[in-house]
Every structure is written in C-alpha cells, then in structure tokens.
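One chain, chain A, appears in both complexes that follow, with chain B as partner in the first and chain C in the second.
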Partner chain A sequence: MIQRYRASAGIMLAPAVTLIGIFILVPMMLTVWLSFQDWSTQTPFASASFIGLDNFREIFGPTSIGRDFKAALANTAIYTALSVVLILPLSVAFGLMVYQHDVPGGTALRTALFSTYMVPMIAVALVWSKLYAPGEGPLNQMLGIIGIGPQPFLSSPRSALISIVFLNVWQQVGYFTVLAIAGLTQIPGSLYEAAKLDGANRFEQFRFITLPLMRRTLLFSAVIAIINAVQVFEPVALITQGGPVGSTSVLTYHIRRVGIERAQGGLGSAMAVMLMLSLIVVVCALFALANRKDQE
Partner chain B sequence: MSFAWTSKLALAASLAILPVTSWAQAVNISYLTHWSPETVALLEAAAKDYAKTNPDVSVTVRAVPFGDLLTTLRSQGGGSDGPTIGGIYDLWLPELARDKLVAPAPDAVASEVKASWPAGVASAASVGGKLYGIPNEIDVYALNYNKALFKQAGIAAAPKTWDEFKDAAKKLTNKDAGQQGFGMINSWAAGVVHPFASLLVSNGGELVRDGKPALDSKQAGETFELYEELIKSGASVPAMATADANTTGPFLDNFVSGKTGMIIMANWWESALRTGMGDKFADIATAPIPVGPSGDKPHSISYSWMTVVNANAGEAEQKAAWDFLAWLNNPKSGKNGASAMSDILMSMGILPSRTSDIEAHKDKLGSDFLSGYVSVLADAKPFPVVPGGQEFSESLQQTLEALQYGQVSAKDVQATAQADATSILERAAK
Partner chain C sequence: MSAGKLSGSSSRLQRRRPSGRKALLATLMLVVAVASAFPLVWMVLSSLKTPAESMQVPPVWIPHTPSLDAYEKVSSVVNVGRSMWNSLVIASITTAGILITSMMAGYAFAKYHFPGRSLLFSALIATMFLPPIVTLIPLYRLVGSIGLNASLAGIIVPNLANAFGIFLMRQFIAGVPDDLIDAARMDGASELLILYKIVAPSVAPAIAALALFAFVYHWNSYLWPLTVLQGNADAYPIVISLSRLLSYNRGAMNTGLVMAGATLAVLPPLILFVFLQRFFVDSIVGSAIKG
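== the complex of A and B ==
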C-alpha cells in the first residue's frame, strides 16, 4: 500500500521535478562547473579546460580583475543594504498611512504608490537621468531655489551609487507597501482594542503589536528586496555604465562585461557563483535570525 | 488534352514551383550598427538602391547604442540568426576573429581592399594576414576649442605646446560661471583613453611597444602628471565630464553650452556638435594636439571602423552580405565618384578611408572643422590593435578616472596602469 502510494506520488511529482531540474538546477550546476574552467563564451563547452580554483584566485587577487570584482561586490552590498534599509521602514510607514480606512483619498494614495512599480525600469532610468542632470536638471533647479548649489548626483563617485539607490527605492517602495498592507490586514483588530483598554498609546501599539506581528511579512519583504537589489542592472547599464571610477559597477553589470563583452566565461561564472553564494549566506542568515526570534 | 486543361495544369505547376523558386532565391540579411536614427535612414535608403538591381536581397538595419554593440555582436553573432553584417571598431577584431565570429573576406573583396585603401587601414582590418572586414571610417583626435571663449579670455591662438595648453586651460576656467578650461571625459572607455593616448603620442610616447605596454616610460609619466595638474588646478572638473551609454551626457552638454573651453575629441562628433550648437557651431575650431616636453611635433591617435560578416550565417547570406558591402563601398554607389558608404559617413562628419572617397569628398573635407582633422591624419598613430585591447582600454580608463577624481597620485596611477596592462596583454596573448 505504502509502495503504491510512493509510486503515485513520484509520478505526480515527476513533471515538476523534471522542469525544475532542467531549467533551474542544470544551469546552476553548469555555472558552478564552468567556474572551474578556462572557457570562452564563444566556444563550445567541450573546449573548456579544467583549471581548478584559478578563476577564484584571480577574482580575489591583486590584479585589475580582482580589484574590479571586489569593487563590484562591495558596490552591490552597499546598494542592497541601502535599498533594504530605506525600503522596509518606508513601506511600513506608507502601509500604516494608507491602511487607515477612514482617511480620505486612501485608495488614490495606494494606487499612486503602486503605480511606480508598474513603470518599466528603462523609463524610470531615463527620466531619473534627466532629473539628476547637472545644471539644468529639475532636482538641481529645486535645490537652487532653497539656496543649495548644484549637486553632481551621478557625476561624482561619492554620490552616484546613492543616486541609483534612490531611484530604486522610488520604484520599489509601492510594491513593498502593498506587502506591508497585506501584513497589517492579518493583525486582529481586537488586539488593538485590548491594548487601548490597557492604556497603550499609538506608539506602544505599534511597538508591541504591529511590529512583532508583522515580523513574517517583513522577513519576506526583506528577502525579496535583497534579491531584487542584487539583480540591479538596467539603471547602471543605461545611465552610468558602471562609472564614474567604477563607483556604480555592480556585479550583474560587471559579470555581463566580463562574461559576454570580453567572452571570459570561466571568470564570469566564478563571479556568478560568488554572487549566488553571497545571496544564499545572507538569506540563510536572515531566516536563522528570524527563527531565533521566534524561539525566544 | 483541351486548352482549358492545359492552362489549368500549367497554372498549377507554376503555383507549385513559384514559392520554391522565390524562397530559394530571396535572401534576407541584417546589418547591425550603433548609428543614430538619421544615419540609419541613410543606410536604409542605400539598401533600397541596392535592391533595385538585386531584388532578391533584402537588407534590414538594426541599431543599438554604442555601449551595447560589442555585447550584441558577441551574444547574437554566435548563431546563424544573429546579424549578418556588423559595423565594428578595429580594436575588437582580433578577439572576434579568434572566436570565429567573423568570416574572412572572399579573395575578390580582399584584393579590392588592399588595392583601394591605405595599407595601414587595410592592415587594421586583417588578422594573421587574412582580411576580415571592409574598412569604412577613420577617426582621428584633435583639439576642439571654443573661439568665443578664447576671445573672452584674451587667448589669441590655439595652444601649440603643453605649457600654452595649461595656460589656456587656466585662463578659460571661471568657477563662478561654472566654466572649465579643459573637458576630461569619464565613464566611457574609448572616450577616456583616446584623448590621453593622443597627448601621450604628442609627447613622444606610446601605449604599447612591440606588443608590450609602455606606460612606464618618462613620456607616459609626464602625461599622467599633466592630467593631475589640470585636475588639481581646477582647470578640469570631472563632474562636468561624465558620458552616458550613447556617448552624450554632461561632457557634450557642457561643451555645446559654452561651459567648457577645450576638449580633445574625434571628428565623428561633428554631427553631435552641430545638432547641439546650431549657429554657434561656427565658434568651434580644430587644432593639432599640443606637443609635450618630450615630443617633437603634434601627433594624435587614430582608429578605424569596418564592416564584418557573421561567420555563422548561411552561405547564401554571407555571399549576399559581401556583395552588398562591396557595392556599398564601391565608388559607383554614391554621388560624384564617391561610395554610398562615404556619403553616409560624411553626413556625420566622419572621414572615409577609401582613397577614392577622400578625393571625391575633397571639398567637404576642406571645411573649417574637418580640415583640422585631415591635416593631423598623416602624423596620427593607430591605436594599438592587440588581443585583450578592449580590456586594456577599460582598465586604463579606471586608473585614469581614479586620477581625475583625485583618488590616487600620478605616480601611483602610472605604476598601476603598467602592471595591469602587462597582466592583461600577457593573459590575452596565451
């Protein structure tokens, strides 16, 4: 009986497992395998030759390959951290604002917030590149009205990456606000009524009811925000080309340059593997932290 | 058999044969370029002219931004469905040929190119003695300066030496008016490296000598120091010189709006300058690159572009592509003995490289703007075309930008640039 049950379960799972295997696991394993090879992306896989850990030594080494990779890794980490740190609190704040049923215009605000997420990144990048334009750019003109001199935004290595982060936050915050609202709807109203009876003020209600009960939603939002941020590509490719001085060179853009433009498939794969490992470590650490909190 | 039956059978046979014969003869080829929509329209018009005598060949033109051109060629050129023809920068050829992405030219085309183009240009389109592309444009760098700003600053003539150049840059700088003396481009590899290389060769130096980097020379050291001095004195403001993926952006904006006194740029920018400046384009003049303390006379960097054919395209497509390119570059396809390709190039202010095209466009090449470029062509040194050249350019770009933004000293930059270039060129040569 159990055997028959296992066989039927296996048959039913087979299509999904096969598809996942072909379209997810095989490319991942192939990338890992290529990271140990010397291989040009323009040649067949058969031409790849095994070189052990040389690609990894190279990307962490002192040459320009190593320096550029480490800089791109650091830029990606900064971009991701800043994006998450800005998006999550803002999404909760906006979520709390638009979740109030009795606030007039709540639906319009919700629609406006979410609409930024529907705009294609290419349009966002083009518009923001003009907003940030030095001299005649609208942002600099507005700053000029309040007596602040023109800012270089995308033209300075100090501010270029942060300027790209703001662009990302502007586009993504609406989507995460929707997630925050979904989390807020899961909190029973009776908890707030009981807290009110106990004399809790608004801040205490937020601190001891809203925030703890939104932990799962926030964990999910953080994971999605990290994955989205790590994959940033379009604004860099369209606006800054990784510059100035490599200050906006993020890993996806750099891997494309190495793996496709220079056809260094082995090196590009080693970089992609490091990106994947970094992402796995960060996401696992987040889940571990959340589990520890749950156990407490 | 009645006439009606005979007619029906003949019609049926014709209908059955028609699709097969027309499918067998019709060839679709695609042409990948980074040109602007206006220039693409001229190329499409030329393709229509070609179709008048070759109705079975249809040419589709596809344009991508310059920043995406190499990636597109590499990612799509590996298959038969990729672009049949691609316009490429000569620096990319050694690696595209090594990876068998581009096809060697047929003997007839190769002989024509060797006979009708200057030897140096034809050699830049060859790898290991085999010709891979039909050269079309040649670009050379010169000093562009704004005569109106020169007049305001009391400068009588274009600088001839580095001392005069530094002096002019200082006089043209006006921080209160947001004006810089010399625009030093960033965020675009060729845009950063070519002006530097032009100043270097005008100081008697070279980027690469006998296949090995020569950035550790005294001449290179002086060129790095010149950059450092211009930045430290405030005559060059890096934040005013950023470029975007389309090679436009603040660098171009600041020059066309009169906020930059001088730049070192190639001739192909004429159309961008004309569009951006309108009537004020008349204020722009061209002069040879100023000579450095270790140089003998003005030199600059030149590079060429060519059209190549996808080695993975079908036999019929490759044949049609070479035939179209041979027609496009033939003196009979354009006006007054010029090739159609050269007419397209001249619309952008780009110098054609075919000897007969230079003769045919003699009048236009004598314009105020272009004559300055034509005059420096004879003493221009070709940008080194070596395996790993693109990576070398990008690496040098990074170190130069670090110098521009004051992150490192000229001395450190020189040591880093030489070490990086050595490692890149050695690895690529393996």
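== the complex of A and C ==
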C-alpha cells in the first residue's frame, strides 16, 4: 500500500516540481553563480568566466555603474518603505470601514477598492500619467479648487518617485484591505464585549484588542507589500524611464536595463543577488521584530 | 459567528451615540469609494472625448458628444484583435496549466505522507516570495536556449506551475475528508480519477478562485512577455501593444486614444472580477487565515 502511494506522490508532484525547478529554482541558482562571473547575456552560460567578487566591487564602486546601482537601490528602498507605510494603515482603516455594521455600503466599498487590483499596471500607469498632466490634468485642477497651486508630479525629481508611490498605493490598497478584513474576522467578538464591560472606549478597544490581534495579519501584509513594491516596473519603464535625473530608477527597471538591454549579465546578476539578500534581511528583521513583540 | 456578535453589540452601542459619528463615517466611506473609482471613471470618460475636448483647460469632465472615434483610432495604430487574442491564449493556457499542476501537487502535499514532504513544500513555497526580476536574466537566456524566445510558448511555458497555486490547493484539499478518498480507493479508483472526480468537486470554489487569479495575473503580466518577445509584434499581448501607444502619450490631444486603449485592456479582467469577486475575496481570506 505505502509503496503504491509513494509512486503516486511522485507522479502527482512531478509536473509542478519539474516546472518550478527548471524555471525558478535553477535560474535562481544561475543568478547567484553568474554574479561571480564575467558574462554577456548574449552568449551561452558556458562562456562565463569566474571573476570572484569583481561584479560586487563594481556595483558598489565609485564609477557610474556603482552610482547608478546605489541610486536604484536607494530609490527602491524609499519607494518600498513609503508604499508599506501608506498601505498598511490605510488597509486597516478601510478594513474597519468595510467590516463595521453601523453604516451600510461596506461591501460596495470593498468592491470599489478591490477592483483597482484587477487593472493591469500598464493601464494604471497610462491613466495616472494623464491624471498627473501639468495643465489639463484633473488632479491639478482639483488641487486648484481647494487652493493648492499646480504640482509638477512626475516631471520633477523631487516629486516623481512619491507620485509613483501614490499610484501604486491606489492600485494595491484594496488587496490589503481584504487581507485586513480577513484578520478582523478572526478576532472573537467576546473580547470586545468584555472590554466594553470594563469601560473601554472605541479607541482603547482598537489599541488594546484590534491592533495586537492583527499583528500576524499586518506582518503578512507587510511582507507581501514589500515583495510587491520591489517589482514596480511599468510606470517607470513607460512613463519616466527612470527620470527625471534618475529619481525614479528602481531596481527591477535598472537590473533589466543592465542585464537584458545592455546584456551585462554578470553585473545584472550581482545586482539581483543584492536585491535578494536585501529582501531576506528585511523580511527576517520584520519577523524578529514581530516575535519580540509577541514575547512582551 | 463572531461577526454576528459584533454587529449585534455595535448596533446596541450606536443607539447610545450621537449620529454625528455615523454621518462622518458614511462621508469618509463615500470619499474613499469615489477616490478609488475616480481614475477608472475618468479613463472611460476621457476615451469618449473628442481631441479638442481632451485639450481644454480647465478639463471637460463629461464629454458633450460622446464618440467612439478614439477606439477606431486605437485599432488603426495597434492590432487590437490580434493582441486581445494573444492575451486570451496566454492567460487561458497558463491558467489551465496552473490549475492542473497545482491540484496534483496540492493533493500530494495534503494527502500523502512521504519522506522530505515538509522540506520540499518549504522549498517550493519560498519561490512565492521571489520577485521575478531575480531570475529574469538567466531565465531569458534559458528560454532562448531551448528555442522558445520571441514566441507565445516562451511566455506560457515557464509559468505553467507556481507556488501560490500549490499552496492554495493544499490548504483547501487538506479539508477534504480522508474517508471520502479511502472509500473511492476501496472501489478501485486510480489516484488521478479520485483527484478529478472526488477532490476537485469538493474544492470547486477554491479552483474557481485560483483560475481567476491566474487568468487576471497573466492577462496583466508585462515584464516577462516584454523581455521574452524581443519585439515580435505578432505575439504581443494587449498590455504590450498598449505600451506602443506611448508615442501618442506626450500631447494632450491624444489622451482619448490612450484612454481608449487602456479601457480595452482593463475590461476583460474587470468584467471577470465584477461577476466573480466573491471567489477572489474568499480565496484571499482563506489563504491569509489558514497560512
């Protein structure tokens, strides 16, 4: 019997494991291997030659390669941090709006929020580039109505990155709202009853029941939001091309430009490895932080 | 159940509160909903404007004489029919592949005991957190070396299995009673038949959710098709054809054209979502809670 199911397990797992192995795990290992090689993306893997840590020295060095990479790394860090800092509180606030029962329309609100998550990023980028247009764009018109002067949005190095953060938040917050609602439904109503008997007001209930019991959900949301944020590509590739003055050059865009368009596969791979390491460090730090809070 | 309790208590609570809180909450909800819907509404409205209306400052919000001229012009700039077909082929085949591979692997992880199960599962799940750019460069070369670049197959084949699908299917198949499966085994059914006849119907909502997720994700996907196609315009999915409207994106005059293209690309995933959002939401909630 056992033998039979062991064979079945092999058959059931073979397609998925083979595909993920060939198209994700092997390329991942190749990325690590290539980061130590001098290799052009236009040549076979066999033509790569080992150069130790030279790629890493170069991408952190003083030349233009190093400057561009460090700028992209910094832009990605800023972009990711801003996205997470905006998305998490908004998702909880919107989740509470959908989940409450005082005012009807929660489900309609959820639909409105979540529908943006279905929109291809390329369309989001096109639409927002028009919303942000300096003269005829509706956003500046609306700001004008409430007495705020025209903003340069995507056309100034000071505001271009944050403008892309806003369109990212607009697109993604609905997904995280649904995650927040999932977390809210897990909190037993009896806790709120008990807190009310003890005289806790709404804010105290939120502070001492909702937030602590949402910690796992928020941790999960933060990890997903980070992974999503480092993938930003379309608005940069399509609208800003990394500019103005490199202010929106983020890693996914920069790595693709170096590794595919300029065919500097070794350098691009070293950058990809740094991205992977950065993600591992950040995610581990988040988990460590959450565990320490759990113990308190 | 907890939701029921909460609603009961909060309705009792609000009776003691001034209704100002409710008005404020309703206003906030309306503002959020409008802000969320506004860009898409504006996109559709703009696609119906004439070029003259698009250029007006201050902007015209509602077109005076809605026209479909912009949609006609999109068709003359890019091959809309072909691109939509390509997108449909890519999204459908990829989705079918993901469903098959995910159900098989999810069943194995949920119902078989074999050495190294949790290790293999962890290794696969870890790939869920890997941004595609990390593997893009070698994958591009790898797919080229097996002769699949610049083709629809090159877009589809690397995406036929993914960790999210396996994860989701394992979570839901684990809830299918073992007795049900054992009874079918007693009757001599093969494992694949059991998966198809017994397990799949029991987890139909999860399958629907995964199908929709996969379809929308691969309809919208841009980075990989752009990289692998290397300018083979015949194989462009709609999102890449859309980016060719970029050259028309500079002047306000062509806003209508760009917005018409965007509307065309948005419609299929959005229509799917409107009809089937329950499955989307349930599966996100399911994967978050059970994970």
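Basically, the second predicted complex is superposed on the first by the 271 of 296 C-alpha atoms of A that agree within 3 Å, B and C clash if a C-alpha of one lies under 4 Å from a C-alpha of the other, contacts with A are read in each partner's own complex, and residues count from 1 in each chain.
Operating definition for what follows: a residue touches a chain if its C-beta (ideal position, glycine included) is under 8 Å from a C-beta of that chain, and two chains touch if they have at least 3 such contacts.
Predicted, not measured: the structure shown is a model, and the values here were computed from it.
S.K.: Of the two partner chains, chain B (first) and chain C (second), which one does A:I227 touch, if any: first, second, both, or neither?
M.R.: second
S.K.: Name the contact category of A:I260: first (chain B only), second (chain C only), both, or neither.
M.R.: Both partners, chain B and chain C.
S.K.: Who does A:L238 touch here: chain B (first), chain C (second), both, or neither?
M.R.: After superposition on chain A, A:L238 lies in contact with both partners, chain B and chain C.
S.K.: Return first, second, both or neither, reflecting whether A:P157 touches chain B, chain C, both chains, or no partner chain.
M.R.: first
S.K.: Applying the document's definition of touch, where does A:G135 land relative to chain B and chain C: first, second, both, or neither?
M.R.: both
S.K.: Could you tell me if A:F94 is touching chain B, chain C, both of them or neither one (first, second, both, neither)?
M.R.: The second partner, chain C, only.
S.K.: Examine A:R215 and indicate which partner it touches, taking first as chain B and second as chain C; both and neither are also allowed.
M.R.: neither
S.K.: Which partner does A:G246 contact after superposing on A: first (chain B), second (chain C), both, neither?
M.R.: It touches chain B, and chain C stays clear.
S.K.: Under the stated touch criterion, name the partner, chain B or chain C, that contacts more residues in chain A.
M.R.: After superposition, C is the partner touching more of chain A.
S.K.: Taking the superposition as given, does A:D68 touch the first partner, chain B, the second, chain C, both, or neither?
M.R.: So A:D68 only meets chain B here.
S.K.: Once the two structures are fitted together, what part of chain A is touched by chain B and by chain C alike?
M.R.: Residues 41, 129, 133, 135, 237-239, 256, 260 of chain A touch both chain B and chain C.
S.K.: For chain A, which residues count as touching chain C in their complex?
M.R.: 5-6, 8-9, 11-13, 15-17, 19-20, 22-28, 30-31, 34, 41, 44-45, 94, 97, 99-103, 105-106, 108-116, 118-124, 126-131, 133, 135-138, 141, 170, 174-175, 178-179, 181-183, 185-190, 192-193, 196, 217, 220, 223, 227, 230-231, 233-234, 237-239, 251-252, 255-256, 259-260, 265, 268-269, 272-273, 275-276, 279, 283
S.K.: Which part of chain A faces chain B closely enough to touch in the complex?
M.R.: Going by the criterion above, the answer is residues 40-43, 63-64, 68, 129, 133-135, 150, 152, 154-157, 237-246, 256-257, 260-263.
S.K.: Which of the residues in chain B come into contact with chain A in the complex?
M.R.: That would be residues 67-68, 70-71, 74-75, 78, 95, 99-101, 178, 186-188, 238-245, 250, 253-254, 257, 259, 390-391, 394-395, 398, 401-402, 404-405, 407, 419-420, 423-424 of chain B.
S.K.: What does chain C use to touch chain A in their complex?
M.R.: These residues of chain C touch chain A: 2-7, 9-11, 13-14, 21-22, 25-26, 28-29, 32-33, 35-37, 39-40, 42-43, 46, 54-59, 61, 100-102, 104-105, 107-108, 112-114, 120, 123-124, 127, 129-142, 145, 157-163, 166, 191-192, 195, 216, 219-220, 222-223, 226-227, 239-240, 242-243, 245-246, 249, 252, 255, 258-259, 261-262, 265-266, 269-270, 272-274, 277, 280-281, 284-285, 288-289, 291.
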